[in-house]
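Shown next, in C-alpha cells, is the structure this report addresses.
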Amino acid sequence: MTPTSQDLRVAVVGAGMMGADHVARITSTISGARVVAVVDPDTARATAAAATAPGAVTAADFEEALATTEIDAVIIATPGFLHEAVLMPALERGLAILCEKPLTTDEAASLRVLEAEQKLDRPHIQVGFMRRFDQGYQDLRALVASGDNGALLALHCAHRNATTPPSYSEEMLILDSVIHEIDAVPFIAGEPIVAVEVKKPRRNSLAPDGLRDPQFVLLETASGTLAVVEINVNIQFGYQVTTDAVFESGVASIGRETGLQLTSAGRAGVAVPPSFKERFGAAYDTQVQRWVDAAHRGTIDGPSAWDGYLASVVATAGVEAQKSGRRVEVDYAMAKPAFYDLDARADAVPSEA
Amino acid sequence: MTPTSQDLRVAVVGAGMMGADHVARITSTISGARVVAVVDPDTARATAAAATAPGAVTAADFEEALATTEIDAVIIATPGFLHEAVLMPALERGLAILCEKPLTTDEAASLRVLEAEQKLDRPHIQVGFMRRFDQGYQDLRALVASGDNGALLALHCAHRNATTPPSYSEEMLILDSVIHEIDAVPFIAGEPIVAVEVKKPRRNSLAPDGLRDPQFVLLETASGTLAVVEINVNIQFGYQVTTDAVFESGVASIGRETGLQLTSAGRAGVAVPPSFKERFGAAYDTQVQRWVDAAHRGTIDGPSAWDGYLASVVATAGVEAQKSGRRVEVDYAMAKPAFYDLDARADAVPSEA
Amino acid sequence: MTPTSQDLRVAVVGAGMMGADHVARITSTISGARVVAVVDPDTARATAAAATAPGAVTAADFEEALATTEIDAVIIATPGFLHEAVLMPALERGLAILCEKPLTTDEAASLRVLEAEQKLDRPHIQVGFMRRFDQGYQDLRALVASGDNGALLALHCAHRNATTPPSYSEEMLILDSVIHEIDAVPFIAGEPIVAVEVKKPRRNSLAPDGLRDPQFVLLETASGTLAVVEINVNIQFGYQVTTDAVFESGVASIGRETGLQLTSAGRAGVAVPPSFKERFGAAYDTQVQRWVDAAHRGTIDGPSAWDGYLASVVATAGVEAQKSGRRVEVDYAMAKPAFYDLDARADAVPSEA
Amino acid sequence: MTPTSQDLRVAVVGAGMMGADHVARITSTISGARVVAVVDPDTARATAAAATAPGAVTAADFEEALATTEIDAVIIATPGFLHEAVLMPALERGLAILCEKPLTTDEAASLRVLEAEQKLDRPHIQVGFMRRFDQGYQDLRALVASGDNGALLALHCAHRNATTPPSYSEEMLILDSVIHEIDAVPFIAGEPIVAVEVKKPRRNSLAPDGLRDPQFVLLETASGTLAVVEINVNIQFGYQVTTDAVFESGVASIGRETGLQLTSAGRAGVAVPPSFKERFGAAYDTQVQRWVDAAHRGTIDGPSAWDGYLASVVATAGVEAQKSGRRVEVDYAMAKPAFYDLDARADAVPSEA
C-alpha cells in the first residue's frame, strides 16, 4: 500500500463483539480510514456489522473479500487460532495489519508469521495490546524512562473483572487476561520478562465451578523488577485495572477510578466502570487512529509481531508455572531480529510520542 | 449541503491558536471531514496552518475561499467582532457552521444572525461551548435530569487560569471566561439564567496591574438555583475548572484532577493541567466530531445560535453587574423561537446522547 | 484555682447530649481532670450522666453544686440563654470555665460577662468553638500565616447536616450553625469579619415546612477576603463540613471524607460521617484536654470570651442580613481590651502551637 | 493490683525514644494513669524523661524502682532481649504490663514467659502491636468479620520507611518491620499464619550497603488467604503503610494519605507523614488508654502474650524463608491455652469493640 491522502480501505475480519466495535470505531471515530469489507462466516453477524459502515461489503472469508474489493489494510478480530490463516495472505499482499491479541496461539505459528513478515521491507503487523495507548501506561513508561524517581523496583498490578462465563478456563487466566500485563510490564519496565511463578490464594466461591480464581502471577524482568499481578476475574463489582509502580524514591499509581464524584446516602465516591470497553475505550480509539496514521506512512506505530511473539512465549511459561507451582524461566527461542528494531532502522519513522 | 458518505469539506476561518488547532484536529483526529481552506489575512499564519492539512488552500478572506474551492462547512475562529461577517455569507450558502464563542459581541448583531438563520429550513450554526462535550458536564446534566438526588439547588463553580496577558481587561473576566459558565449553568440546570451579581474579594497582587482579579459571579436561574462562580485567572499553579452541584439529597463534583498519582519527596498527588487545551482537549475533539456527524445529517448537535444569543445577553448583564455592584436582572428581548426547539421539530434528528 | 498536679475537679452544668458527652469525655479520655458534679434541673438526666463518673455528685443548680463539693472548673453546656447565670458566679469564684457556644445570646449580656471577667487577673473563660482544634483548621490557619501561597483571597465553606428538627428556625441557621464559620473564618484569616450578606438559593423541599434552607452567607474580612458559606442543614446524606481556601498562588482544601475506601457494587468510595460527633470527635477531645492543661497553668488555651463576643456581634449582623436581604456592616461596640491579648500579656503562657 | 478509681501508677522501663514517648503520653494525654518511675541504666536519659512527669522517680533498674515506690503497672520499652528480665518480676508481682514488641527475641524465652503468666489468675501482659488500635485496621477487621463482601481472599500490604540506619540488618526487615504485618494479618483475617515465603525484587541502590531492600514477604493464613507484604525501608519520601484487602465481591483499602489538600505549583495533593509517629500517633494513644482502662478492671484489652508468641514463631519462620528462598511452613509448638481465650473465659470482661 502506498501512503496517500485518501482514506485507508479497511477489511475487518471477525464480526463478533470486538470486530463489530472496530467497524463502528473506524466508521464513526477514526480519521483517514473507512471499512470496505466485513468478513465473517456467520453471514447475519457480518451483515449487521457492515450495516453501520456505508459502502462496506460482506464476505464469508478473507479470500472472498480480497477478490471482491480493493483493500489496503485489515483488522483481525477472529478467535486466536484463526489468526495465522488471515495474517499469511495479508502479509503476502503487503497489507497494513492490526491483529488482536494473541498473535497466534502457539509458538510455532508465531515463528512462521515472523518469518513471513521478514520477507517484506518492514514490519506490517501491529498487535492489539491497547493498554499501551492508555494515558496512564504511557505516563508510567515515561516516568520509568525519565529516571526521576530512580530505578523501577517492583510493580503491583491488579486486573479485576466482574464475572466470567462458564467456558472460561484456568489457562485463560494467563492466556486471555494476564496476557495484557505480560505485554504491559516490559512496555513499562523497558526490558523483557525472564521468569514466571504463580501463587493461588483462597478461591472465590463466586467463581464458576472448577475455576481457581483469583491467582497471583509473579513476573520477573531482566534486571530483577518484580511484578505481582493479581488476576481476579469474578470480583462482581465491575472492571478495575490498576498498577502501582515502586521506584527507588517514589511510588506511582495508575488506574484509580475517576469521574463524577457523588456524595449521597452516607457515601462519597465514584462509579466503577462495568467492563473493559468503558475503561479502555479511549485507548482503543487512540490505538486504531495511530495505526491508521502509521499505515498512511507505510509503517506501524505500536507493538509489533515481535512483541506478540514475546508475549506468547511468556504466556506459555505462565501456564506451565500455573500447572507446576514452580518458578519457570522464560526461554526465548531467538534474539530480536534487527528487522524489528523500529527505532534503529534506517527507514525509521517517528513512532509513539 | 446534502448528507453524503464523502468527507465534509471544511474551511477554517482564522488561523490563530484556536484556528490552527482546529485545522490539525480535523486533519488528524476527526472522521468524516477534511480541511479544504484556511482563511486568514495574515498569509504566513494561514500558510503555516494549511501546511498540516494536505490539499488545503489558503485565502485572505472568506469570500476568496468560497470563490476558490468547494466548501460544505466552516469553522469560525476569528476574534468575536468579526464573526458576523463570516456567519452571514455562510448562512446564505447554507453551510454547516461551527462558530467559536461568542456568537457575536453585541446583542444587535446576534439578533441579525438569528434572523438570517431562521430563513433556512433548520439551524445551521453550532456555537463552540465545548464544555457541553466534556464527560463531567454531560454526567452532571444527566444527574440533574434524572432527579435521583432531588432538585438542583446550587452550584459552586471555580474557573482558574494560571495567568493572563497584560491586555486582559476586567470585562473579559465575564465576556471571555465566565461566558463558559454562563452557558454551562443553564445546560446543567435545564433552565435559563435570570439575574447576575458580582462580588469582588481581595485582589490578587500577582494579577496584572489594574486587573481586579479574582471575582465572584452569582448566577440565578429561573427556579432559584444559585451558581457561585469564582473567576480567578492569575492563580499561577495551572488550569482548573471544577463544579460542585448541590442537590436536595446529594452533592456531585466534577473536574478534580486525575491521572498518574505520584508519591515522592514527602507529597502524594497528581499533576494540574497547565491550560485549557489539556483539560478540555477531549471535549474539543468530541464537539467537532459530533458537529461533523450532525452536518452529514444536515443538522447540528450542540449549542445553537440561540444558546449563543442567550449567553451574550447574560454576559452583557454580567458586565453591568460588575460595574454597578448591583444585582442585574437579565432581560431577554425575545422568547425562544420554535425554530430552535431542536427536539420538538418535526424533522428532529437524534441529538446528544 | 491554683495549678496543682492533682486532677482538676470539674462541674458539668447541663446534662443534655453535649453535657453528658463532656462528662464521659472527662472521665474516660481526658488526663488531669475528673467530674465532681453534674448539674441539671432534670434530676434523672443529671443522675444518668453522673453515673458514668465515679464519685460525682448531682445538683439541681450550680449554686447547690458549689455548696456541696470542691470545684476548680466548670463546663457550661446549658442552652445559651442560661449561660450568663452560670458564668457570673463561676467568674466570681475564679473558676476555670469552658463555655459552649454561644457565649450569651445577646450583646448586652456578653458585655456584662466581659466586664466581670476583666476584674480577674486574666481570662478565665474559654468558648467551645471546637473547630479550632480540628487538625484541618489548624493546618489551614498555619498555611495562611506562613504566606507560602501568598495572601488569602477567598474561602468556600460548606456546612451540611443530614436533617433538622421541626423546632429549628431560620435564625438558627446563623446563630446555631454558621456561628462556627463566623468564628472559624477570622481564626483562619487572622483578621475580623467586617460585613455580612445572605443569599437564598432554591429551597430544599425536604427541609421542614417554613424553613428556607439552604442559604449562602457571605462574610467579608477586614482586608477583603470573601468567605462564601453554604449552610445546608437538610442534605440527608450525613454531616459534611469542608473549606476550600483560595490563595494568590494556590488552593487548599480541608474536610473531605477519609477512612476505609471500599469498592463494591459498582462504586468506589468512603463513608460520610452521620453527625458532628464523628466528624469533630477528636477536636472535642483535643479542646478539652488543652483547656484542662491550661487550667492547671491558670490560663486558657483557645477562643476567649472576647472571641465569643465577636462571634455574637457578627451573628447578630448576620440575622439582620438574612432578614433584610442587604449587606450589613458589622459594628463592634468596643476595641479589643489589652486584657484579651493573650500573647502580648506580661504573664503570657504558651498558647496553641 | 486492685481496680480503683485512683490513677494507675506506672513505671516506664527504658527511656529511649519509645520509652520517653510513653512517659509524655501517660502524663499529658492518658486519663487514669500517671508515671511514678522511669527506669534506665542511662541516668541522664532516665532523668530527662522523668522531668516531664511530675512526681516520678528514676531508677537504674526495675528492681530498684520496685523497692522505691508503689507500682501498679509497667510499660516495657527496652530492647527486646531485655524484656524477659522485666516481664518475670512484673508477673510475679501481678502488675499490669504493656510490653513493646517483640515479646521476647527467642521462642524459648517466650514459652517461659507464657508459663509464668499462666500461674496468675488471668493474662496480665499486653503486647504493643499498636496497629490494632488504628481506625483503619479496626474497620478492616470489622469488614472481614461482617462478611458483607464475602470471604477475604488476599491482602496487599505495603510498609515503607524513608530510610534505615547503617545498623539495620536484613533480618530486621522481618523481625522489626514485617513483625507488624505478621500480627496485623491474623488480626484482620481472624485466623493464624501457616506459611511464609520471601521474594527479592531488584535492590534499591539508595539502601545502605549490603542491605537487600525491598523484599516481598508472602504470608498464608489457615484458610488460604494470601498476604503479599512489600517491605521497603529506604523509599526516601516518608512513611507509608497501606493495606488493600481483596474480598469475594469487593476491595477495601486503608492507609492512604489524608489531610490538607494543597494545589500549588502544578501539583494537587497531600503531605506524606515523615515517620510512624505521625502515622500511628493516635493508635498509640488509643492503645495506652485502653490498656490503662483495662488495667483498672484487672484485665488487658489488646494483643496478649500469646499473640506475641505467635508473632515471634512466624517471624522466625520468616527469617528462615528469607535465607533459604523457600516457602517455610510455620510450626507452632503448642495449641492456644484456654487461659488466653479472653472472650471465652468465665471472668470475661468486654474487650475491644
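Of note:
The letters A, B, C and D name the chains in turn, as written, and every chain counts its residues from 1.
The rule is simple: a residue touches a chain if its C-beta (ideal position, glycine included) is under 8 Å from a C-beta of that chain, and two chains touch if they have at least 3 such contacts.
All of these numbers come straight from a predicted model, not from anything done at the bench.
Just to note, of A-C and B-C, the chains joined by more C-beta pairs in contact are B-C.
When every chain is reduced to the mean of its CA atoms, the largest separation from subunit C belongs to A. Each chain gets a centre from the mean of its Cα atoms; for subunit C and subunit D, those two points are 37 Å apart. Averaged Cα coordinates give subunit A a centre that lies 58 Å from the centre of subunit C.
Separation between the centroids of subunit B and subunit C, computed from CA atoms only, is 45 Å. Shown for subunit A are the residues that touch two or more other chains, namely 236-237, 240, 249-251, 256, 263-265. Against subunit A, in their complex, subunit D makes its touches with residues 150-154, 156, 158, 160, 199-206, 214, 216, 218, 220, 223-226, 228, 230, 232, 234-237, 240, 244, 246, 248-251. On the side of subunit D, the complex with subunit B involves touching residues 236-238, 240, 256-257, 263-272, 274. In the complex of the two chains, the subunit C residues touching subunit D come out as 5, 27-31, 54-55, 135-136, 139-140, 143, 148-149, 247, 249-254, 256, 258-265, 282, 289, 293.
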